[in-house]
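Lettered A, B, C and D in written order, each chain numbered from 1.
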Amino acid sequence: MTALLTTEGLQMRFGGVVAVDGVSLAINEGELRCLIGPNGAGKSTFFKCLTGQYKPTAGRIFWRGKDITALDPFAIARLGVGIKTQVPSLFDGLTALEGVCLCRHSSEAEAKRRAMRALERLGIGALANRRVGLLAHGQRQLVELAMVVAPEPDLIILDEPTAGMSTEETNRAADLIRELNQQHAIVVVEHDMQFIRAIARTVTVFHQGRVLMEDSAATVFADPRVRDVYLGKAVA
Amino acid sequence: MTISRRDALKTALLAAGSTLAAPAIMRQAALGADPIKVVGIHDASGGLDIYGQPMIACLDFAVDEANAAGGLLGRPIELINYDPQSNIQLYTQFATQAATKDKAAVVHGGITSASREAIRPILDRFKTLYFYNTQYEGGVCDRNIFCTGSTPAQNVNKLVPYVQKHWGKNVYIVAADYNYGQITSKWITKYVREGGGQVLSVDFFPLDVTNFGPAISKIQAAKPDAVISALVGGAHISFYRQWAAAGLKKTIPIASTTFGGGNESVLLTPEEGDGIVSAFSYFQEIDTPENKAFLEKFHAKMGPKAPYLGAELAMRTYIGFNLWAEGVKRAKSIDRMAVIKALESGISMDTPAGKTTLDPKTHHTTVDVFVAECANHGFKVLETFPQQPPLDTASVCDLAAHPNEAKQYEVDVKI
Amino acid sequence: MTVNVRTALQIVAALIVAGLAAWLLPQYLELFTLINATVFVSMGLLALSLGLIWGFGGILCFGQTAFFGIGGYTYAVAAINFGDTTWAVPLALLVPTAVAAALGYLMFFGRISDVYMGVITLTTTLILFKFANSTAGDQWTIGTAPLGGFNGIPGTPPLNFPLDPSNQLAPEQVFVVAVLALGICYAVAKLILRTRFGRVAVAIKENELRAELLGYDVRLHKLGLFAIGGFMAGLAGILFANCVFVSPTMFSLSYAGQVIIWVLVGGIGTLVGPVIGCMLIQALTTYAGTLSAIDPNLLLGVLFMLAVVVVPKGLLPTATTILLRLMRRGEP
Amino acid sequence: MDYAVVVALQIVSGVATLVIVSLGLAVVFGMMRVINLAHGEFLMLGGYTAILASGQGVNLWIAILVLPPIAVGIIGAVVERVLIRRLYGRMIDTMLATWGLSLAFIGGVTMLFGNSVTGISAPLGSFEVGRFHVAGYDLFLVAASVAMSLAIWIVLKFTPAGLIARGTMQNAEMAAALGVPPDRVYALTFTAGAALSGLAGGLIAPVSGVLPTMGTAYIAKAFITVITGGAAMLTGTLVASGLLGSVLTIFTFLTTPVFGEVALLVVAIVLLRLLPRGITGRFLRRAL
């Protein structure tokens, strides 16, 4: 099996603080991977390195074996990486359909077709002509997801997709992610353990900028070190 | 192919434009009605107001005087004053307005050479007679304009010898950075060299410069016998102030082609201004019966609001208006060409500034020139040079031979 | 679909208004008013250029006058040297566009933030202003055209018919050209905004990060829009050179400020708004200039503050909102 | 040799002038992230205060040093209350509104006093450096710039108000949590900034002459100095003034005043391209 995305000794330093410290991991085709860890573990920084928003201070990132460390976010997106940020990032002035239509494609008609399909797939086809700025929080999350999946990317990276969701919404989101995983490889950056429990296959645990452990969900949740990390105890 | 398309475009544009031609002519015919319109364009505000306000006062006074004497050709004179606020673009706007909307018989105005060169082509184009009443760098050769102020062959030619005789051969020039300063500094250079001296350096300053500290240090380093200034406008007054503050007045004297043209001598304290020497074709202080009579009438009319007239700019505006009025009287018409021809017939009049004669070939004037020294907010006349012809312009310009010329000649001096 | 129809209608309406103005006004207006109107129209085009890049690209350029002035100067210098304006015009469009592209490259590819972008554009204009002001000496002559420093180039040749330098346009014809240019630029701007490029540019203004994450090169789009703005401002400069003349004032701080006021008053995020705002304020300041009781700067300044504090969205959008609300209230 | 001393003196006084005219703007920008484009007009109002006061026979030093900061401080407090307060957090809108304010001040003062230059003579006479005469007032300006910087430093470093100010600079919410309403901090800061600008106007009045549009000659320079300096208001302004003031004066000596200013602007653009967050965004970040 070829790795879709790999990092090698990725490091991100802000002045004296090392937020990400030598992280190496590999995401395979079709995989559903969760990156977890308490606040400040370096997950979000790692996410921003993957998406090109930060340029890592050391280490490299590969996409299907090709070095993409220096690429800008738009270039990474063009490779077939769909990215959803933590705070919904949307075009508030446009309608849902207009926004999703902006995904890159071969022709105008194709864009529209894909956009409609993406909206329907996420169950918000009815909102197509509503202005995004006027939608409820949960609906906005879904519109953003529609934008991410519309170009049919090979890999989707989600940063805390359940932030601000009710329990019911969270459950639905878990179903949705599992469903999306049928077609796309997915990386979810999350700190909500319940949610991870609901979807996870392989889990990578971050702590103080490093990978603490990487294993199946069941093993990880059983590990005392993970519990200590979440409860704030120092790791020996 | 391209030609036919071009023609089509041309036709379209002409159609759009020509629809206007007919009404324009009809409007022209409506001019016969009463008052004669005279437009004045002088800066009543902005950095040049130090010159503009006395000029406006004198033009007002001249028009009032003429109206009191029964107007011109039996018609009253209506004076329209525009204030371009020391902004060149407003000059062009007001000149266009004077020519196309007011249909002025004559436009008096423009202070800086920059403003003159901005409105001269407009008034040429719309065939409106133009009087420029300021001392300037010379060389304008254009049948539509009359320049009644003095030029370098008249003033610089007297100032530089005075400097070299009393202070020394070598000078340092500081000048305003536009055509007046650029060309005038060439004339100064020419006369300094002819007098056997050297110009150590020429520094130009944009009109908004107020900090002359570095320049003053440079001048000291060059050790000239004198500084000759062609600085212009309110901001540049700082130069004289900073010069005095640096304690240099006693070591290096200043002469100027512009100082006194406005109210510089009034603005500066005697400690700062006294001793600066200038040359102009008029100073309020000249001691002649005509001048005394004029000032009496002027002050009687304006009361305590009468401005200090300083050097020639305001007086030349008064004279310029009267020269034009004389031309109208002789032509018995306000028609532009008729008035120009009458003015070219050799008009000479006695004025508060002495006898002034219009030179038909150059449209410039022969005037008396005075060298004076700033003393206690006014001027003390030191030397008088009667009846100086505008030799500089005359050497290059002959409108009798080339009536269609409309350009400004520049002196050719290598700096 | 309806959006496309609306755009088409707006374009047609604008072209009809421009056509009517070009046809009718020269017949009824006095020459002087017409020349002034030409100045207004050229300024309107300048306002349109800023309205486009600020309102639809989110690029707050404090120095849009830089391209305006460069267009004017290039036109004047080229026209004097060539003795024919046929090729001076394309050159005077190319140069400001290229300068805008170069400046845009520096700013957008350097990922400079909003405020600093304002500083850099303003500074660029100031540099040009200072520079143009200091070119009075003989050494500042390009070919046969002296730059003239503070004086500017008073003898800027008026436009002539293509390839026919002896046949110069009369002021009335310059007016016609100016009005048509404004109408066409408006239409072009509208069309650009309907293209994919335009929609992405608007999306970038809405949310730069999202547009980037969708795979769009934000910098390139901003650069493109900025260059188009430079092109239009350059065209405005050519027209201005034809009805006034070229001088350093074109770069001045007060012009740079006025353009922003026009757009702000007219409404950010519309294209007609800035043009209307420009005409209104120009008319108002011209009128105020004839009053001696009140200083035009005072009037302008107070308007500016009111625009920011009271109607931050601009006159046109605010008026539309109020109208809509009134109409709705009228309904039962 | 004497000439070198004189040139050096000119450079120092060029730098000092830049410091003087920038500090008021820097305080407001550093504390409130508000770019006050009416700063130049605050200078102008300070200048007019000095001129009017000395015209009324007030002692020259009081007219230059005492009255302008008081008068302009009061104006600043009113402006903050009426205009700035409505626009906190809207950086671009604040810039635009203060730009409008600047035009309105120019217009208003033109109506009141006319658009012409007035001035007062610089006190202190001159002294000699070898063969050269140097205006004593130039040295006084240098001393004044040092005194102003020192005063700001002392206030920030050693007074309770300075502590709150530093806290607000770092984090407005945190300062609020200490029981200091940010509103009042901002009002005081803006007033203090305006007073500093007024003082600057009084100080430069004898050198530059006073007219309604004098602010425009300084605002661009002050603005660029502050932005180039970056977040640390005092250090940033001092470093940027040192750099830009030297460039300005040196180029003025070598060429003309115009190219001096062009050189200043070009250096500022290049610096901003290299250090998009200003000099203190990169270096000396912990400075005040």
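We adopt the following convention: contacts are C-beta pairs under 8 Å (C-beta built on N, C-alpha and C of every residue); 3 or more make two chains touch, one makes a residue touch a chain.
Predicted, not measured: the structure shown is a model, and the values here were computed from it.
Counting hops only between chains that touch, chain A reaches chain D in a minimum of 2.
In terms of the distance between Cα centroids, chain D is separated most widely from A. Centre-to-centre, using mean CA coordinates, chain B is 36 Å away from chain C. Here the spacing of chain C and chain D, counted between their Cα centres, is 33 Å. Centres computed as Cα averages put chain A at a distance of 43 Å from chain C.
Taking the mean of the C-alpha atoms as each chain's centre, chain A and chain B sit 76 Å apart. Counting partner chains per residue, chain B has residues 177, 204, 206 touching two or more of them.
Along chain D, residues 110, 256, 258 each make contact with two or more other chains.
Counting only residues that touch two or more partner chains, chain C has 130, 133-134.
Across the whole structure, chains are in contact as follows: A-C, B-C, B-D, C-D. On chain D, the positions that touch chain C within their shared complex are 35, 83, 86-87, 91-93, 95-97, 99-108, 110-111, 216, 220, 223-224, 227, 256, 258-259, 261-262, 265-266, 268-269, 272-273, 276. Interface residues of chain D, counted against chain B in their complex, comprise 3, 6-7, 10, 13-14, 17, 110, 114-119, 121-122, 125-127, 131-138, 206-209, 211, 214, 217, 249, 252-253, 256-258, 260. Considering their complex, residues 60, 106, 110-116, 118-120, 122-124, 126-127, 130-131, 133-134, 253, 257, 260-261, 264, 294-309, 312 of chain C touch chain D. Partner chain C is touched in their complex by these residues of chain A: 51, 53, 72-75, 77-78, 83, 85, 89-94, 98-99, 102-104, 108, 144, 147, 151. Chain C contributes residues 196, 199-200, 202-203, 206-207, 209-218 to its touches with chain A in the complex.
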